[in-house]
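In what follows, chain A forms one complex with chain B and a second complex with chain C.
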Partner chain A sequence: MTEEMLINPIEKLTEQFPADWLKADERSGYSGYIVQREHLLEFARTMRDDYGFDYLSMVTAADYLEEGFFEVVYYAYKTIGGPALVYKVQIPRTDAVVPSLIGLYPGADFQEREVWDLLGIRFDGHPDLRRILMWEGFEGHPLRKDWKEPFFEEDVKPYKSRWPEGKPVFIDKENPFDDNVQYPEGFDPDHWTPDQDTLLYAGLVKKASNEEFKTDQLVVNMGPQHPSTHGVFRMVVSLEGETIIDLKPVMGYLHRNHEKIAERNTFLQNMPFTDRLDYITSMSNNFAYALAVEKLMGVQVPERADYIRVMMAELTRIMNHYFATGFLLNDLGAYFTPSLYSIEERELILDIFEEVSGSRMMCNYFRFGGVVRDVSDHILKKIHDLVYDRLPRKLESLDAYLTNNEILRSRCEGVGVLTAEQAIALSAAGPILRASGVPYDVRRADPYSIYDRFDFDVVTGNHGDIYDRYLVRVEEIRQSIRIIKQVLRDIPAGPIMTGKPPYQVRVPAGESYGRVEGPKGEMGFYIVSNGKPNPARYHVRAPTFINLTSLAPMSRGEKVADVVVILGAIDIVLGEVDR
Partner chain B sequence: MKNFSYRFGVIRGLGVTLSHFFQTYITDIKKGRKHYGTVEGIEDRRQADTDGIFTIQYPEERLPLPEEFRVLPFLVYDDGENGEKILRCTACGICAKVCPPQCIWINRAADPVTGKPSPHPADFNIDMDICMNCGFCAEYCPFDAIKMDHDFELSSLDRGETHLYNLEKLMKSATYYASIHPTAAALEDAARAEKAKPKA
Partner chain C sequence: MVFPCIPPNSKRCIMSPEGLTKPEYQVPDELQSQVSLTTLDRIYNWSRLNSVWPMMFGLACCAIEMIATAASRYDLARFGMEVMRPSPRQSDVMLVSGTVTKKMIPQIVRLYNQMPEPKYVIAMGACASSGGPFKGGYNVVAGVDKYIPVDVYIPGCPPTPQALLHGLITLQKKIEGESLKTVSWYQKGPSVPIPVPVLGPDLIDVRKTALIREKSKPAPETEAQEPSAGDVTDKPADGEIAAA
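Let's look at the complex of A and B:
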């Protein structure tokens, strides 16, 4: 890697490669490079090794039905910071195969499986290309534009049957018994045994059984109904004694095809749906989605609205980290008392959210070009009291009791270790990545909104174990408090919205990716618009979904009781993992 | 296994719980009887400097709802001179178009003589099982005709068509609206009066 490449990397990329390898994407509103399928692996390797794009943040695909091709989209970043390298592969719909990047970036694992599951694009060389979100017997690939769901009404909302001659249709009456799923041909649900489970068990790492003690490997299913899994989530664990040899997460029990719903919705209608992704941190989700659409629309956000957005996002971070810390103790066996103590602070923050947005968790507070309503002085006073008095005080007591607690330390230190190289390769994000010692924070690496105005530290750990993740979270609460203090000092008066918002926004054709540093990691929305009122493609880069890729590498060799804590330290929310 | 002495960790942890326990008594003695069951007491327990008991004894005690709180939409009507109910809704359909889960069905009334569409809803249905309480309908209604309610205690013995609210069930008076959203209602009334002025 030469110094010049580090500074000025992707300006003249087409000159660096043979002419038939890639071309710049020149469609209006698009950016990046279109790489030939045959040269994808070679190109990605060069970009990773010679140009330093070591962090593959997002893999997704879009179906261009009218043009007749699929487009697989890759967003790669440098962990030292800077803008994205976007490259795409266009493949005909009839021959939907791309080489898998899993060898270069193991973090592409779940994302490629998701693309296969939802769009039916096969990744050549992927070792475990099974469905991930849909159930095993599902037929078809739902995100293809020509796939229609049961009770399909129209391609896009608003549905014409609602107005002016709306007659209520009661869906329960429409539903013939159990007939709202599409089964494959010749499928008999009564006599079906899930082959995929056999496949799943077969995919677990085997170890020779111990002849001397006549031990054998044991496969244990933790979940889907298990108090430790933070929702409906299943871990297939293969054990020798109590030591974990291999682990495979199974998810999708809460899958509702958020992205298909979103492609039927108009741009504005998606805003309340984003609340329901990671329902602990709805403000951050709103933020990322608003950024993505605003980037396409080219709207400027008023100064005051920007400050309010940052304030809300940071309050969300504080709330989430309190929650995560409390439930980490829950997973360690200190049932509910400590987590309820930490929820007290969350409660006070939720009161503020309820007052500004009208709802405690489903905030739906952001709009394109601002926020819904102004924050009154009364609420600013409340936030002031919280960040100057209560939160620092309570944080100190949390720190005093927990940080040097012997039980916490002996259970967490050296458990679930992820090295910096592993964390980057596995596309881990947020506190997981930073606890491994990678100072990568979107707020600093690629500042959005007005984060470049604030003083704060990017918190990192040294060891990449659960204890460091805990420490990173506690320290991030302190940094968030610091940011909010600056917001309260600087917040200007003025409008909170550019103009009166229309109920149908006009979004020019093009693609955009809006990302924020959410409390759980990089929260991003990839949006393709074709100039119509509805997004042509809407993809969520869900931080905890991708962080789960690192669950297996972290758990191997640990005890089965520690897996619960390792999962707790990833801090998953199934609403977002399963979408 | 590391050679840690777990005793102190356990004892200190129990100490935290105990101190919380005793703190509730100290606070109770300090604040007296009015700490529970009164509006001031509830408000006091929500302040940043609160300690002691944090929970609210629902349903005997209730958290005050902020004005912006939103559960399920309703239609606002004004009282006419002869006690008739004049709906503000003009059946323009914006709420039905902006509704994310598409739970609003509006049937626009037709003029009985000419058969042309008239600005009133003949029928207005909202499926409350589908409604996601986002508040878009209230936010984008240009006539202040549909607003979000505060009544969140909605349990019923059966689901199904009882949750499909029709026009009759959705109508609530402007006085009720002003009682739950005093600031917003005053602002909107002023804006409407301002708008009506130049015409008169």
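Let's look at the complex of A and C:
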């Protein structure tokens, strides 16, 4: 790997490889390279080892029904910063198999399983290709364009009137079972054996039992209803005594079909749905989605709107890190008292959100080309008071009580360690990645919006343990306060929206990927438009979903009491994990 | 007739001992501060409604608002409801706080069956009430009331803490109106558990097996229909289905 390759890598990439390996993607609005399936592994390895694209951020696929192929899309980055390398593999719909990249990038694990589950593309060489969001035995692959849900009405919204001839139409009544279900023809419910998770349990690592102590291995299910799993998340833990031998996360208990619904919605109708992804950080989700669509539309955001966006995104980060810290203490056993303090600060920020957007949690505040309402001087004054007085004061007291607390340190130091190499390979993002010592922050590495104007530090840790993740979060609150202070100093007057707010946006055909550094990591939206009012493909790169890939490597060898804390330090939100 | 224990022109406060006293019974003046006369129904309901323990059970976005309601600003403890129990065996009310998915509904039904009587269910938010914005989704149950009986519906997406409190007060009012003579858990016979749905090619409500069998029959072919062999685990026999 030469220095020149590091700085200027992806120009004329086609000349570096044999002609039949890859070609540039020349469809209008598209970018990147189309790689032949046979050479995918070799190409990916060369790009990782020789060109430095060591971070596979996103794997997804799109169904091009009319053209008759699936396209598997890969977004790789360098952890030293810079734009993406996009490569795709096109495969016929009748022969949907691609080689798995899990050997090169272990972080592709869950994402490939998700593609298999929702689109039915097999990944050759994946060791554990089970369904991940739906259950084993579910009929069909829902994100295929020719698959229709039981409550199917029309292909795209807006639907026809639900009040034809003055009478309401209820979709439930159209269904023969008066419910949201459908069965394949000839299905016999009397002879159906439900899946007993055989494959799941068989996949757990087994160790020869210890002859000396006569210990036995025990498989414990935690969740989906468990007070420590932050929602409906399930872990299957294989234990020897109290030590964890293996762990497998099971998710999908909150899979509410965001992507399928979004492909029926119009572009603007999706904005409120993004709020409900990571429901603690709705503003940040809005931001990523707005960026992705704006990239396609080519609209410029007015100055004032940009400043407002940054301010709201940073307030969200403060709020999220407070919440995460409070609940980390909950998981440690300091039951509810610390989180009551953190919720108190969160409420103050929610007051601001309610004032600007009308809703406490589901803000729906961003629009393509700006924000929906202006921020009054009264709110600016409130934010000013918060960042100059209340938040720093409370943060110092949090710091004083917790950071050097003996119990906290002894429970967190050296637990759940993830080295920098592991974190990069597992595609970890956000505070998890930075606590392992990788200074990768999208705001710096690939600046979006107006983040290049602000002065702030990328916070990193040294040890990659839970304690460092806690420290990174606390320090990130300080940096966010610093950014908001600069925003308040510089925010100009002016319009908050480019042009008139449209009822229906026109999005030219093409693909785009908008990403922001959300509080939990890289939040991204991959959107394919075919020029119609609805996205042809809409995929969410959910940071906590991919961060969960590192849960098993972090937990192996730890005690069962610590796995709760390790999960708490990842800071998952199930709305985003399952989508 | 004037009753000194109830201030004139004030609404009866269910939380005060004064509110318990039934106006028809005269308590002598000198015993006013020591003795209250009431009916069994009222004292039974009064003691129950001030300690409704919710199950610590969060599904989605609404769970965050539930946490906010339990926290210091909105303070659920004022209503005797702050004791969130992680176990269904110790809880009185299940707050279904969020989208109910097909993958999750077997567990929810099972949890509901495990709760001791008297038990109540609050459907918090649009999703739990009807499917909400996600109703069209292939993995979403269009309202938890398709499977378990719901006592109070709270609209909102998510309902604000104030709305949740209003819903809980509504539940208290409902409890207050119950009578020992008619409540289901003191009737004869055991209470029938709700059959747990099965995850098939799609969610199978075992109460509707006959309908499913009939509707998904291939049109030309006539297949012999045998009754359930009982070898399928996790599934009650046909007789139970008919009874439920």
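As a working rule, the second predicted complex is superposed on the first by the 548 of 579 C-alpha atoms of A that agree within 3 Å, B and C clash if a C-alpha of one lies under 4 Å from a C-alpha of the other, contacts with A are read in each partner's own complex, and residues count from 1 in each chain.
FYI, contacts are C-beta pairs under 8 Å (C-beta built on N, C-alpha and C of every residue); 3 or more make two chains touch, one makes a residue touch a chain.
Treat the numbers as computed from the prediction; the structure is a model and nothing was measured.
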item: Partner chain(s) touched by A:Pro495 [first = chain B, second = chain C, both, neither]; value: neither
item: First, second, both or neither for A:Leu408, with chain B first and chain C second; value: first
item: Contacts of A:Glu355 with chain B and chain C, given as first, second, both or neither; value: first
item: Touched partner set for A:Glu347, first chain B, second chain C, both or neither; value: both
item: First (chain B), second (chain C), both or neither touched by A:Arg373; value: first
item: Contacts of A:Pro272 with chain B and chain C, given as first, second, both or neither; value: both
item: Contacts of A:Asp385 with chain B and chain C, given as first, second, both or neither; value: first
item: A:Pro168 touches, of chain B and chain C: first, second, both or neither?; value: first
item: First (chain B), second (chain C), both or neither touched by A:Pro92; value: neither
item: Footprint overlap on chain A, where chain B in one structure and chain C in the other make contact; value: 171-172, 272-273, 344, 347, 362
item: Residues on chain B engaged by chain A in the complex (per definition of touch); value: 1-2, 4-6, 8-10, 12-13, 16-17, 20, 46-49, 54, 66, 68-70, 91, 93-94, 96-100, 102, 104-108, 117, 123, 125, 127, 130, 132-136, 139-140, 148, 160-161, 164
item: Interfacial residue positions of chain A with respect to chain C in the complex; value: 133-135, 137-139, 142, 149-153, 171-172, 176-177, 179-196, 224-227, 231-232, 252-258, 260-261, 264, 272-273, 276, 279-280, 339-340, 343-344, 346-347, 350, 360-362, 574-575
item: Residues on chain A engaged by chain B in the complex (per definition of touch); value: 157-159, 161-172, 265-266, 268-273, 334, 337-338, 341, 344, 347-348, 351, 354-359, 362, 364, 372-373, 382, 385-386, 389-390, 401, 405-410, 503-504
item: In the complex with chain A, residue positions of chain C that touch it; value: 56-61, 63-65, 67-68, 71-73, 86, 98-99, 101-104, 107, 111, 127, 131, 133-142, 146, 157-158, 160, 198-206, 208-209, 211-213, 215-218, 221, 223, 225-229, 232-234
